[in-house]
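Structure incoming, see below.
The first chain written gets the first letter, and so on, giving A, B, C, D and E; residue counts start at 1 in each chain.
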Amino acid sequence: MNTIYIIFLIFLGGAVFTYFAGKIHKVLQDILFLVSILVPAYLFFANVEIGQNVNLTLGGISLSWGINYFSWLFSLIVLGLGSLAAIYAVGFMKGEKRRGYFYFNFILSIMAMTGILLSRDLVSFFVFWEIMTWSSYLITIYNGNKVQSIGIKYFVFSAIGAYAMLMAIVMVHHITGSFLIGDMIHAYPAMALSMQIWIPIMFLMAFGVKAAMMPLHVWAPGAYSNAPMAYTSVFSGALSKMGIYGMTLVLVTMVNHIPQGVWFREVLAWLGGITAVIGTLWAIQQDDAKKLLAYSSVAQLGYIITGIAIGTELAMLAGLFLAVMHALFKGTLFMVVGAIEKQTGTSNFTEVTGLIRKMPWTFLSALLAIIALAGIPPLGGFVGKWMLYESLITSNHYLLVIVIFFASTAAFLYCYKFLFGFFMGQEEKEWAHVKEAPAVMVLPMLIMALFMLVLGTFPGIILNPINHGLQALGYADSYKHLWDTSIILNSWGNKVVLQPILYSIAGIFLFFIAFLTWKGYKNTRFISTKDISSSGEVPKEDENLTFSVGFMQPFYRAVEPAMRRQIDKYYNAFADGLEATFEFLRRIYTGNGQTYAIYVIVFVVVMLLFKDFLF
Amino acid sequence: MMKELKEHIIRRVKANFTEAEENNDFTYDRLDFTVKKEVVPSLLLFLKEEMGFKHLSHASCVDWLEEGELELVFILWSPKDKIKVFVRTRLDRDNPVMDNMDNIWPQLHTYEREFREMFGVQFTGLEAPDEFILEDWQGPPPFRRDFDTAAYAEKTFWHRPGREDAQDVRETIANRDGEDIPDFAKKYSR
Amino acid sequence: MVGTPVLFIAIPLMAAFLIPLLGMIWKELVRIVPGLVLTYLLILSINLLDHVLAHGPIVEVIAGWGPPIGINLVFSALSGFLVVLMEFLGLLVWAYSYRFKRNVDYEPALKYFLMLMMLITGSVGIVLTGDIFNMFVFIEITSISAYGLTAFYKGRNSAEASFKYVMMGSVASTFLLLAIMIIYAQLGTLNMADIANKIHLMNPTLKIVSYIFFVTALGIEAEIFPLNGWAPDAYAEAPGPVGAAFAGIVVKAAVYAIIRYTYTIFDLSGTFNFLIIIGMITLIIAETAAIRQEKLKRMLAYSSIGQMGLVMVAFGFGTEEGVFAALFLMLNHAIIKSLLFFSGSYLTYNSTDKKISEVNGMSKFLPITSLLFALGAFAIVGLPPFAGFWSKLAVMTAAADSNMILIMALVLIVSVVELVYYLRVVNRVYFYKKEADVKPKRPTVNALIVMITLGAIILLVGFYPDAVTGLLHKASAGLMDKTQYIHNVLSVR
Amino acid sequence: MEEVLYNVLGAIATFLVAFVVGMTYGGLNRKITARVQNRKGPPFYQNFIDTLKLASKKSAIHHGVMQHFGPAFLMVTSVMSLLIVPVLTHNQWFPNLNFHGDLIFLLYIMVFGPLGMALGAGQTGNPNSAIGITRGLSQMVGYEIPWVLALVALMIQYHTTSIVGLMAVQAQSGTWLMFSSPFAFIAAVMAMLGMFSYSPFDVVIAPAEIASGPASENGGKYLFTMMSSGSVFAFVKLTLYVDLFMGGADNIVILLVKTFALYMIPVLYSLTTVRYRTEQSIRWFWGWPSFFGLLAILQAVIF
Amino acid sequence: MINDKNSQKIVDIIQNWARKHSIWVLGYGTGCGAIEIPPTMTSRYDAERLGVRGAATPRQADVLLITGYLTTKTLKRVIRVYEQMQDPKYVIGFGSCTINGGMYYDSYNTIKVLDKYLPVDVYINGCMPRPEAVLSGFGQLQKRIAEGRADGAKQYKENLEWYRANQKKIIPNWVMPEYNW
């Protein structure tokens, strides 16, 4: 009984038992839930060796499961973030209704993601892909009846993507005769040109939907912001990485080997850039934290797609490193919003203010996550961004580097808006009772924040597995000439040594903090944020002067003309057109017998008229 | 020409408000009407709507301490006929009550608030916070003539000594700093 | 337990004859006897199927006359599979409606079970017979009992629906009779194998005309596009279990008949493309109509018409894989659609006009039924761990192997449409507030058992499809080689 | 260990030089503005006195821990960028953390300050500081575009992303980058106007309107740290421009002359212009400066 | 060595020198004298050469100018602003209204003697002193700072109750937060 079977059994068994355990006892349900996620994660990392494959035949189709270095890297994200989010979910879900339903689908989606990474043949890849889609769909509509249209929109987009992939899989099967990914890759160069073009496009459609690429990103903000926060950290952190995983596979192993591959990668790079800009511009303007983070994760995925699409070694390192970092800081940020929503009941900036003194640990993890998201040096985000820019410049994508840089600079605006919205400004009497989120929720956040800090100085920890993964995909070993444990270089020989940077930043920072606090310590006194110098007036008790409505208004006024046209409008118009044609077709069934009889006669007459043409 | 116009106005007003006694002995374009306080709102409305006195140029309150009355004066001006009409009314000083007229002219609202704070005239139906210009004012309505400001100032504030006998303030300040008065200032000090 | 195919017809007819008499003795017998008969027939069919899978098809001659003259029954792998399916579904429909009619007094219950018996016997007969006239007789039996069952609720709508069905049914039988006359006039024989042998002697134009008449007649029964006007009304107005019986059994038999004519009897070249075109049109029109429905049963009706269109398309590929995919689709459709009909009828039990909006919030009151309905919806749409996925995959592989890219694309787009309207209903069941005036009715025990067995089968086939693929491969092989069929039938002498 | 000590001492020396030069430049700026306004103006060392007075303030108030982060982050930015930018070429007295000082890393360190300052200002709870922050960050996005266009053009043209590399190119080719890639220089200078946030772009600290924006609640020692870091940062920006476009300086006098010449551009421009609103300044930055930036890239790509 | 007597004196001298030459005036004109400040700051009289500059908020300011009559209403705000300023802070009273009530000596709502409510360092008399007088006032203030006698803040802190009592006599309902210094 190979460990892979055990892992899947624990997942499935755990899911079913957790669903029914709710009736017996709440705590038992939590324990079962944690067990059915942490044990497989441990088993996976403990004794699933690279290259040790399992083959089985199901319904006449031979399936093969196994792991290689590349998918091991992504399983790091999935199972790592998954288990942390599970611990967080236990805290988040205390006292919520329909917990069994949530836990069941949570475990199923984690299983599906591990399945995708384990599957070495297209059918099991597709099976797990679909299970991932509908289990995440079921969680997206967890929040009751006003979220249905968003859920169905998400499912329709993923279904279109998945069915495009199914077509590609089946066409590959027709050509190569087997479902194995390896065979597909070997047979790909020899395929007819039309096939060589169509199969990657269809695969990229499926992966583009999940990775929220420009034209297919419409579902992402709605789905990310309306799903319960405990799941959204996995949803946007790990689930979107499956799209990235697939995209890398298609781009690196297949598209690189054909001359037209350049066009694929160029288009994808630009799509990634445009997604980044659109995501950021829309994120700046949101007043609800969930919506803001949803748009921001669409933007971050844009960076990753650009990184992977560029295709040079440094770009791949950058893209995959950013993927790991995105899973970390987006996971943390969504957990932060979840914690605040649990404590205060709302996640809208205009309602919540001044939580810094009440939820200090949540603030600390939010601060570190924001610094990582903005790409500021001491934390890991900088390493990814730096490598991305260097790869863009050294591979002569000049205008794209400007687009990406504009998106990442504008990212500072919504980063600050997130921090200011929740934690700063004047305290509000209404939130005086708010306490720090329970430990079980704060712990995962802090672990991830700490990990980001470590990655900031020693990116080697993650770059090493990425390097192995790329070697598995056919890239040369870029160890010495692109990165060392704490040094990152670009192909023109410029390098940034991260360790001294961190130590000098920390040293200077601590020196000046000490100077500021020590100097005149006796006479420095703390006064509340209500007691401010607002032209002599004494602010009344219920008056709150925090500036939170229309926070980034000046920037929005500057970019407003660019944001008038929205791709949602076109999709809605298309959907209405479809609905109208369906209505017209339905009217064919008039409902009275005579017309049906006439239809029969007409049918026979038509058959007889065209009989020699038809038969 | 002005005379016929004034006659015409007096005739029209007398026709509607019999007990209004007019005072027409002004050579220039001015006309006074004195009426009882109940009639004032209807008279103002009549003048504004029918007689074309669109503009309320001023309203003031006069304190007739000796007669024990407060007088409200409304000055209306008609842009068409270019003539001013003063509508006067007398209120009892101890309990001055008048009904609110800010629906005729909105600016009357401010005037009424000022009269209420400064003269103590109570306007029935005027919804406005009591505090208008003076903050936390506990004393009697300050604009009344029987309110002795000097005494009040004396009571509430301190006065720098030496003001009465005109002792040179500059000396006291200079001594405080221990330097003599500059010669150009000597001729002013006593 | 030795037994011959003829028992499948003899025993039910005899039972149908005896039921009114037994009813005189003890009222309850009317409900019990059909169950006994159906279980016996199911066991018999399973035995015969094992026998056939081991030793090849059984051909039985009735009343001594040889094949070219006499009627013979062919119990091959394909027909065996269909018989087992029909008997099993018949048993489920009987079990489901055993107490379904509790409140209905004696006399209509007698009619109901009688007609149900006749319906099942007729469709089994269609599948087994090797003689085209005999098939005509069985089609008549099925459609007559179908008319009766549609009109079971005495209301105005069901009367109108069944009248429409009767009118269309009569048109169908006239065309069928015409086609049989042409064949008999030309070739002088009624036996399918014999006809298949001598078909090349026929005058080509008459051959095509007879084929067209056959397709029109059976098309009306099998609800292909222009001819299926009556179907949605019939399904909607018939009682729940009858709808499942229609979708599960009657349509299957009609589709089998069309396939038997196209594959074995006629040797016309363009029939396969014709099937694909007809199938695609039915699929597209039915699915687009389904999405706009407000009534649950009509929606399920249109969806089952659409699925049958997909089966026709799969048969239209003409390859062995295509047939396998089609049979797999038929199996899945039969199981899942009947589950949907059973649970659907309970979800909208007390609502007057069975509107979808009246299904809101039923999950709190009928947890198991709504869970099974959701399971059925997910399965029919073709989501992986459930049965529907494997059949969709098989259809897709077949389409790819006969490189019908456009067809595949259209089928997938339409299944997205199907996904939307099923999910809308499932969301309403789970996440909307219950309408005030609708009174939920808890399902009876036997109905629950039936639904749970169907759900279990879906999960079984979903997780371990090899259970059925072996049988289906043999059946599709059986259908493909025409000469083997003719040889078996004619050699029995 | 000796090399690290040497480095630290060198860093402190550079910091002092930067502080003194930055302060005098600030004083000269006030003197020049006064002179233009036909008044005598404060002595050039006025800034020193102001900072000394602020440092000697006896009492101070703070609204929370985060308020200390603001000035501290600003200081970190100026000192870190000071360490990165090579102040004097091949002169061991002013060594620094000059590991092929990569430009993109410098860009991010220069952005580190405003974001840190924003955190500090946010904590004070004063709406004026929050408004100031939004204006500051939006304007920063504005001037970053031409600045990055210029830098990318330089990087592409000379195939190096480090300041030392660019200085080597200038030393070796003899001509200043100012002349060999003029459009990049123009774009960079226009972006510099934004960085200094003098008159046309001083909507961020509009004293009358939002009570000196982000620093409205910072007095005494906090303001001291902010003023000194501001002056050091001004010096660093000037030396960076000198290194990039004017071939760096090998002794202090040439450095002062070049930096002062460059410093006159924002100062004199600020005398003649009136304050822009935020979106006007953003639109302005994405207008002509970005146009020149694109021209620079075009030039870099073609020639 | 640091905290013995004469080294402390040297530090004080340096600090006072710095405070003398860099006075930041709070931009809060309380009365009719505020119109005199712009002329003193601009080209003809140029107070900036003495190191006098405007400051936007009380947190950054050193000098609070009471430029003219002070009604009870404005007194409440002035006290609030004064308490927000940081420690070495000075008050300059402009014009005769702050000295002895000026022409409003008998008015019912203006303060007569500023000393009673705030520790005033320098008075500049005149019914709104011209810029020259204002400059001499600043000179006066600088001299006091240099000699270290401009300790209004310490004085305010020490006899806070006395000041508070006077202020509360004028301002009946007291809403200001406590000056918990």
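What we mean here is this: a contact is a pair of C-beta atoms (placed from the backbone, for glycine too) under 8 Å apart; a residue touches a chain by one contact, two chains touch by 3 or more.
Computed from a predicted structure; not experimentally measured.
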Chains touching both chain D and chain E, listed by label: A
Partner chains shared by chain A and chain B (touch criterion as defined above): E
Path length in steps (a step moves to a chain that is touched) from chain B to chain C: 3
Of all other chains, the one whose Cα centre sits farthest from chain E: C
Innermost chain, where centres are averages of C-alpha coordinates: A
Relative to chain D, chain with the most remote C-alpha centre: C
Pair of chains with maximal C-beta contact number: A-D
Whole-Å gap between the CA centroids of chain B and chain E: 37
Intercentroid distance (Cα basis), chain D paired with chain B, Å: 61
Averaged-CA centre spacing for the pair chain C and chain A, given as whole angstrom: 45
Between chain E and chain C, distance of the C-alpha-averaged centres to the nearest whole Å: 99
Numbers and ranges of chain C residues touching at least 2 other chains: none
Chain A residues counted as touching two or more neighbouring chains: 523, 525, 533
Residues of chain B touching at least two other chains: none
Every chain pair meeting the contact rule: A-C, A-D, A-E, B-E, D-E
Complex contact set, residues of chain E against chain A: 28, 57-59, 77-78, 80-81, 84, 87, 175-177, 180-181
In the complex, chain E residues that touch chain D: 14-15, 18-19, 21-22, 24, 27, 42-44, 46, 48-49, 51, 53-57, 59-60, 62, 86-88, 153, 181
In the complex, chain A residues that touch chain E: 523, 525, 531, 533, 535-538
Residue ranges of chain A in contact with chain C within the complex: 57-61, 123, 126-128, 130-131, 134, 141, 144-145, 148, 151-152, 155-156, 159-160, 163-164, 166-167, 170-171, 173-174, 579, 581-583, 585-586, 588-593, 595-597, 599-600, 602-604, 607-608, 611-612, 614-615
In the complex with chain A, residue positions of chain D that touch it: 57-64, 66, 68-69, 71-73, 75-76, 79-80, 83, 97, 99-100, 102, 104-105, 108-109, 111-112, 115, 118-119, 122-128, 130-131, 133-135, 137-138, 140-142, 144-145, 148-149, 152, 155-156, 159-162, 165, 211, 216-217, 220-222, 225, 277-279, 282-283, 297, 300-301
